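Look at the two complexes coming up: chain A is in both, with chain B in one and chain C in the other.
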Partner chain A sequence: MSLFEKLGNQVIRMISGFAGTIAFSGKVFLRIFQRKTYSSAMREVLVNQIYFTAVQILPLFLLVSILFGSLFIGIVFSLLKELGLTQFIGHILMGLIVTELSPFLTVLLITLRSSAAINTEMAVMKVNREIRTLEIFRIDIIDYLVMPRIINGIISIVLLSSLFSIVLLASGNLFSRVMFGMSTDVYSNLLLNSTDFSDIVIALLKCAVYGFFITLIPIRFGLRASRELTSIPVVVSQGMVNVFAAILMIEVLSLLTKLL
Partner chain B sequence: MTVSRECKVGLFIVSTAVLLAAALLYLAVGKGVFEKMHTFTLSSRSGDGFTEGMPVDFSGFNIGKVQAMELSDKGIVLIKIKIPDRHVKWIRSDSTFVLYRPLIGAARIIVTTSDLNSPPMNPEQVPEVAIVNDINDAIARIEPVLDQVTQIADHVESLTRALSDPQGNLNQTLGNAEKITANLASKKSLVEMAISDEESVKALNESLKQLKEITTNVNRILSKVDKMADKTDREIYGTEGTLPQVNVILKDVIGKLQKLEKTIDNINKISTDASEGMKDFHLLRSDIDDVVVSLDNVVKKLDAIVGSKKDPEFKVP
Partner chain C sequence: MSENVPLISNQDVYMNIALIKQYHENMPRRKAQQLALTYLERFGLGAIAGRRNPALNTEERFCVMLLRAAMVKDAMILIDQPFQIVPHLQDGRFIMDALKIIDDLYSSCHIYDYRWMEKKYGEL
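What follows is the complex of A and B.
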């Protein structure tokens, strides 16, 4: 096989893989709005997934958001003070920290913890022929396995990202009081003046899209595992690389949306 | 009591959703989403610098934003601003609107109302927006500075031209300096360079040597004088010196004079007493004189008596 053939083969595989993921995404997305998706079994799995993804991680998540958020805001504020750009505190907080940083850090944390777990879980189920068994029992794999995890991803990322933003804004209030002697009224007024509803809506939508893809891609790659145990690490690493690529793509798309 | 997994998940979702909803509601109220809005129309000859969503400020506070912009049939740009009900009181019939474009930061429309008691602005009124452009102002301010900089550059150029000219003042000065330094290098000393006569320099050197000897002698004499002065000082002011002895003698003389004064007083007293005694002598003498006179008289009488008698004998009592 020549070099060009190899390259072409890879590009075709990449495009077909991307198209397959998009097609799978469309199929799953439509299922979200179907009532029959939300069976009692699915709801039970959904509750468990939310528990493992968001509730169990909550103390660690809050700790990280308080520590990291406070440090980050302290650095940004001292930089603004040095540059004499204190009037842009609101814009920096809302435009950079709340709408960009919070979703990004949240999705990174959840990806590292949950996406890898979902990817491995799916691959192991595939290797152990649990998926095949469920199919034999005519249990819809998408309804029972995929949908709870994807809806969990959407809910968890949206809520945790909002929580992260609220913690950051609270520490921003504290830092603005300490560093600039700014009262809470002035601080909230600054935030209100520099906030656009469209930015908030875009940030929430971005979180939902993140949540959708950081669960969908690991599921899809996990289901690609063969019957051999050695295929598990391969599909997990492929899935995680694709998840990170998807995160970057979504970030770029959201920035483009803002620019336009 | 153990809380069930469902309960924990439900609590997490509800509490976080409530927090999120409260934050969004606060934002909505703060942004005036539920508030009655008033729309005013402004005009401008150019739409340059205006954007939809641009803030409208009054006294540094945001009171509204630009809702829409459109071009009228007359080619004038109409800018519709949206002001919430709670801020509409700042917009009066005499309000002026200025588009402010700072060098750094977003452009905004600044509302200035000189008389807040003037009637509210009629929505049909279309005031024109004045434009203040920091960039153009800055350029206008920089232009004279740039002219000065150009002049300075011209001067620098003429200076460098003068410096590079071989017949220029600086080059001539440098040539002279070179000659001086060469001359200095060929002479043994600065004095030789100044006098230009080697004999005179030698004479000057001899004089200087003699001056040195004289100075040494003077120093020696001065040291002797110093020693003598020291000795004299010791002899006059020392513990065994003249001055302390004179002081002792003087003190002794003063004591003796004091004693003499008492003696003189006694003499005076004696003299006075003698004077008084002399008076007594006078009285005694007068008494004696009187006695002598009496005796003389007696003698005379006796003589008279004796001379008259035949027998010059007589019997004394």
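What follows is the complex of A and C.
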């Protein structure tokens, strides 16, 4: 096989894989709005998933956001002071930290913890023939396994990203008081004046899209496992690489949306 | 039910059983789980309700798989090579006793096995 044929095959595989993921996403997205999706069994899985993803992680998440947030805000504020750009504090806090940094760091943390777990869980279930078992009992895999995880991804990322923003803004309040002698009233006014409603909507939408894809891709790759135990690490690594590629793509698309 | 149709390993025993009712009949979680617990008690297995598949012995696993199969509405249970699920049994008495305990939960039951296993079933 020539180099061009190999390259062509790779490109075809990549495009068909991408098209497959988009088609699967469409199918799953439509199910979100169907009433029959929300059976008692599905709701139970959803509650458990939200607990595992958004509640169990809270202590670590709060610690990371307080430590990282305070350090980051401290550095940004001292830079602004040095450059004489203190009048832009509000814009930087809202435009950069709330709408860009919070969703991105949140999605990274959740991907490392939950996406990897979901990918492995699906692959193990496939290898153990548990997926086949569910099919034998006429339990729809998308309704029972996929939907709770996807909805959990959307809810968890939106909530945790909002929490991250709140922690960062609180740190900002503290640092602005210490470094610029700014009162809470002035700080709040500064933030409100710099807030663009469309930016907040885009940030929330971005979180939802992140949540959708960082759960959908691991599930899709996990379900590709064969009967062999050795297929588990293969599909998990493929899934995680694709999740990170998706995160970067979503980030680029959201930046483009902001620019246009 | 068959060795190739295993219990869901990331769910407790009672959730495995309740799942069928919760999914197909949209039965509320508490009611379905209470039902699962009641049926487990018939086998004297209430204590294993909170365990997961790897923590069960073969007899317990058989009973749980049987109950799960019986949760289907108007269940027609088909047991494929039961001695693969409970390999150390000398004869089919345990299997028949288990089926008798929940005979009100299914409409019919068929056991499939190789002819050379016939003597294990004896007169049954």
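Simple rule for what comes next: the second predicted complex is superposed on the first by the 260 of 260 C-alpha atoms of A that agree within 3 Å, B and C clash if a C-alpha of one lies under 4 Å from a C-alpha of the other, contacts with A are read in each partner's own complex, and residues count from 1 in each chain.
The rule is simple: a contact is a pair of C-beta atoms (placed from the backbone, for glycine too) under 8 Å apart; a residue touches a chain by one contact, two chains touch by 3 or more.
These numbers come from a predicted model, not from an experiment.
With both complexes brought onto chain A, simultaneous placement of chain B and chain C is permitted, the two fitting side by side without a clash. Of the two partner chains, neither chain B nor chain C is touched by A:M249. Residue contacts after overlaying the shared chain place A:E121 against chain C, while chain B stays out of touching range. Vectors from the Cα centre of chain A to those of chain B and chain C enclose 150° in the overlay, to the nearest 10.
Touch criterion met: A:L192 reaches chain B, while chain C stays clear of it.
Once chain A of one complex is fitted onto chain A of the other, the partner contacts of A:L163 are limited to chain B, with no touch recorded for chain C. In the superposed model, A:L71 lies in contact with neither chain B nor chain C. Of the two partner chains placed by the overlay, neither chain B nor chain C lies in contact with A:I12.
Once the two complexes are laid over each other on the shared chain, residue contacts for A:I200 go to chain B alone; chain C is not touched. With the two structures overlaid on their shared chain A, chain B and chain C come no closer than 12 Å at the level of C-alpha atoms.
Residues of chain A touching chain C in their complex: 39-44, 121, 124-125, 128-130, 132-134, 136-139, 143-144. Taken together, the chain B residues at the contact with chain A in this complex read 5-6, 8-9, 12-13, 16-17, 19-20, 23-24, 27-28, 30-31, 33, 53, 55, 61-62, 105. Of all residues in chain C, those touching chain A in their complex are 4-10, 15, 19-20, 22-24, 26-29, 32, 68, 72. Residues 47-48, 50-51, 54-55, 58, 87-88, 155, 158-160, 162-163, 166, 188-189, 192-193, 195-197, 200 of chain A are the ones that touch chain B when the two sit in their complex.
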